[in-house]
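A quick write-up on the structure given underneath.
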C-alpha cells in the first residue's frame, strides 16, 4: 500500500466523514480530551493530584465534602468560596517587624469553615494576626510564636488558635444575658469574624459584607529568621469547579487526572485487541480446514469466558497494575472482531485476484498482508473505536469494586470512594455525577466516531 | 384482433440522488399491441431496467415519475391510487419476470406458499381450486407439482425461473415484462426457457416486453426492437428493419450490431464502441450519443434530434437518418 | 445424518463446558491458595510472636514446622493439578458441597440451595427486563426500518450512541439519588420492604422494588436492540424478493410482517435467546447497587469471603445454561432457517 494510495483513501474517507455530524462531534470531543490531557499540568488547580491522590497532606487545607463553587448561583444565601490569598502588601513596622496585609472582599451569607495562615519559615518568629473588619473593628485573632523552624511549612488555624480571642470579642459585643448561650452555640470563629458584632448574635448572626484586611505581623529579631510564601487560605464552604470529596480532595483535579488513564486504557486495549482479532480472523479464513476449526474452537472457548467474574478474581488475588489490567482486557477483547472479519476474509479469499496472486507464486504472508489485510484495516478502525467504551467501563467496574490499580486515579476509583463514603445517601451529587458522566461521555464520543466510521467503511449495508 | 394494450407517452423517470437527478428515462414513447413482443435493448445504465419496474409503477427509490403517461388498456396508471393499482393492474393486467430469479423468491417460504399467497391475494378461490390452478401452470412450464413443497434454495436456476414465469402467468395478464430472464442461466437452459416463452405466448395470446442486452436473443424472440441509449429511444423498428439487409438507421444500433460477433463470419478484429456510457445527471448537449458517434457532425453537438418516423413503423432519433 | 451431527455437537458442548470448568477451578484454586498462604503466614507469624523463650534459630525451625503442618491441614501440599481436577470433577458432577460462610435465608449451607435461591431473583429482574427489551426493541427496529433516515430513526440512533458507554450501575446510582433520596418515590433496594407484607401486597411490594432497577436497565438496553433489528430488517427490505413480493400485489403489511419478519426471524431469535440466557447470570455490580440478592451479588459476597464452592457453583450454573443454549440453537437452527439444513440433505 503506497503512500499516495493511503493519502488518497484518507482524503476520500475524510470527504465522507465530514458529512456525519455525529462523527464530527465525537472527533471534536476526542480532540478536546487529548488537549486536556496534554495541558493537564496547567489546567489542574492541584497539579500533583494524580500522584498524590492518596496523600492526605496534599489535600489537608481543602474543605471536606464541599459542593462546587458555582452552586452559589442557585442559592439565595451564598456560601464562602474556597480561596487562597497570595498577594500581600508589605509594610515595615517597628524595627524588625514586617506586616503582611492581605485584602479579602467578603460578600457571603455563610462564613467559611476556617482560615489558615500558611508559609515557610526559618528561625523563631513571633506572629500576630489581626483582622480589620469593614465595621472598623480590629480583632487580634492569633498570637503565636513559631519556634525554631528549619525551612518547613507551618499552618495556623483561625478556628483553633484564635478561638479564645474571637470569643472574647464576641462577649464584648453581646448582651450579658446571652453569654451563657455562647458556650453552647454552634457558631465558630469564622462566623464571629464575618458577622455583624451586635447583640443577639447567638440567636442568628447576620453577615458583615465588605472589605476585610488580614494583617500578619512578623517579628524578625532572630537573625536567622526568614519567612516565605506567606498566604491566607480560606477554607470555603463551596470549593472548586466540581467540589471536594470527604477526603478533602478536589474532584475536578481527580476527574481530569483520570482522563488520561481512561484514554490509555480504552485506546491501548482496543487497538491491540482489534489488531489481534483481525489477524486471527484473516488467518482462520485464509488457511481454512483444520487450522480454521482449531482456531474457531479456541475462539469459542474465549468467548465463553465471563469477563467480569474472572477480572474480579484475578484482581482480588494479584493486586494488578494498570498494565496488567489492560493485558487482561486484551485477552477478552480480541474475540470481538473475529467473526465478522473471518466472514469478510472468506469472501475476499474467493476473489479471483487472490487466486491469481497464488498462481504467481505469492507466499501466505504476502497474500495476507498485501492483499487481504489492507481491505480489512479500514473496517478495523471502526471496530477499535467501538471497543473503547467497553474497555473503559470494565476498568471502572473493577475499580468501583475497589480492585483497581491503587497507584493511579481513575474515574472508577473516585466512584468507589464515593460509594464507600455513602455519597449517594448523603446527596453529594458533585462526587457521584462527574466521574460517571465522563465515562458516559467518553463512551458516547467513541460511539459517535465508531458508528460514523462503520457507516463509511463497512462494506455491506446499502441504505443507511 | 389486435388492439393496443400499452401506450407509453413521454415518460420521464428520474432518480433523485444526493449528487443530482439521474435522468434514467427522459421522454420515452412507444406502443404495444396484443400478441406482440417488444424487445428493449441497450448498454448497462441506458434505462431499460428502470422501464421494467417503471411500467409496474414501482420505481426503485429514490426514483420518481417526472412526467408523461402510461396507458394500460387505455387507462393512465400513473395517477391511480396504490390500492387500485394493486387490485387491477399489477399482476392482473401487467406482470413481470424479474432479473436474477435467483433472488426473487423469499427464502423462508415454500414455493407453494408463495404461489398460493399471490393467487389468493387477487382471486377468492378455495384452497383446492387454487392448488389445481397452480398445478396446471406448473405443468405449462414443465415442472412437477411437488415443487410446491420445496424451498427456493432447493431448486436450480432454471427451475426457479420457471416458477417465476408460472407465477407471472397464472392470473392471465395481458402483458408480461421480462427483465433479462435468462442472463444468469447457461445456454442450454436458456434455450429451453426461450422455447417455453414462445409457446406460452402463443397459447395465451400474451404480449411481452423483453428486456435484455443480448442482441442475438432479441433477434430471436422480438417482433419489434426498441434500442435505448442514455434514457432515450435511439431507434424503434421491426425485427426486419433493424436486423435486415438494409441495416439499422441509428449509428448506435449500427455499432451495437457490429460489436456482436457472428458465428459464420471471419473476425479480424473485435469492433467496439469507444467511450463510456454517459453521465445521466448531466448528459451531453445535443444528441446524447454524439461524443461516441462515428457519424457525428456539427448539428448533433448542439441540437437534440427528436424521435421521428423515417419509414412506416420505423422510428429513429438521429439527424443523419432524417436526411 | 442429523443424528451424527447432533451427537457431535452435544459432545463438543460438553467438552467445552468441562474445559471452562477446569479453567474456573484452576482460577479459584489460585485465589484460595494465595489467600490461604497469606492466612497461614499470618497465623505462623502471630504464633511465633507469642513464643518468648526461644532463640532465633529455634523460632525459625518452629515456623517451618508449623507452616508444613498447616499446609498439610489445608491440603496445600498436594500437587496443584490434583486439587484443580478433583474440584472440577466434583463441580461437573454437580457435587457442589457446602459453603463455609454463606447461608440461605433458611440457614442452609448446601451450595446448591444457595445458588437455587439466588437464581430466580436474578431471573426475575434481568430476564423480565430482557423480555421487555426484546419486544420493544423489535417494535422499535421495525418502525425505524420503515422510514430509514427519518426523524424517528435518526433520533433513536442518536440515543443509542449516547448511551453506548453508559454504565448501568452508574445510571442506577443517579436514579437512586433522584428517585429514592430526592423525590422519595421508590425504595433504595432489596427485594422487599422490611417488614414484608403478606399475600397480594407482597407481590405489589416486590413489583415496587423492581421498577427502578428495571427502568435503569431498559433506559440503556432498549435502544441498541432496536438499532440491530433495524439493520437486519433494512438489509432484508432491500432484497429482490421483497420487491418481487410487492410486484406480485402482496399488501405491504404482509410483506413486512410475513416475508420480511420471517426472514429476519433466524438472527433475531438467536439474538433474543442468547440475551435471555446471558441475563440469568445477573450482574455483579448492578445487583450490588440495588442490593438485589441475585447471582451477581452472590458472586461478589463469595469473592470477599473466599467461598470457593459458591463461586464455582455460580459460574458452573451460568456457564452451563449458556453452553446448553448454544447447543440447542445449533441443533434447531435448521427449523428457523430452511436454507440451513443441519447435517446435509439431498
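Worth a mention:
A, B and C are the chain letters, set down in written order, and residue numbers restart from 1 in every chain.
Keep this in mind: a contact is a pair of C-beta atoms (placed from the backbone, for glycine too) under 8 Å apart; a residue touches a chain by one contact, two chains touch by 3 or more.
Keep in mind it's a predicted model, so treat the numbers as computed, not measured.
Listed here as common contacts of chain B and chain C: no chain. Greatest Cα centroid separation from chain A: this falls to B. For this pair, chain B with chain C, the centres built from the Cα atoms lie 57 Å apart. Averaging C-alpha coordinates per chain places the centre of chain A 32 Å away from that of chain C. Rounded to whole angstrom, the centroid-to-centroid distance between chain A and chain B, based on C-alpha atoms, equals 68 Å. In chain B, there is no position where the chain touches two or more neighbouring chains simultaneously.
Remark: chain C residues 239-251, 254, 258-259, 262-263, 265, 337-339 touch chain B in the complex. The touching residues of chain A, when paired with chain C in their complex, are 22, 300-301, 304-306, 308-310, 312-314, 316-318, 386, 388-390, 392-393, 396-397, 400-401, 415, 419, 424-425, 427, 429, 432-433, 436, 439-440, 442-444, 446-448, 451, 460-464.
The touching residues of chain B, counted against chain C in their complex, run 53, 56, 58, 60, 86-87, 90-92, 95-96, 98, 100, 103-109, 114, 117-118, 121-122, 151, 153, 164, 167. The part of chain C that touches chain A in the complex is made up of residues 16, 19-20, 23, 27-28, 30-31, 34-35, 148-149, 157-158, 160-167, 169-171, 173-174, 176-177, 181-182, 231, 234-235, 238, 281, 284-285, 299-300, 303, 311, 314-315, 318-319, 322-323.
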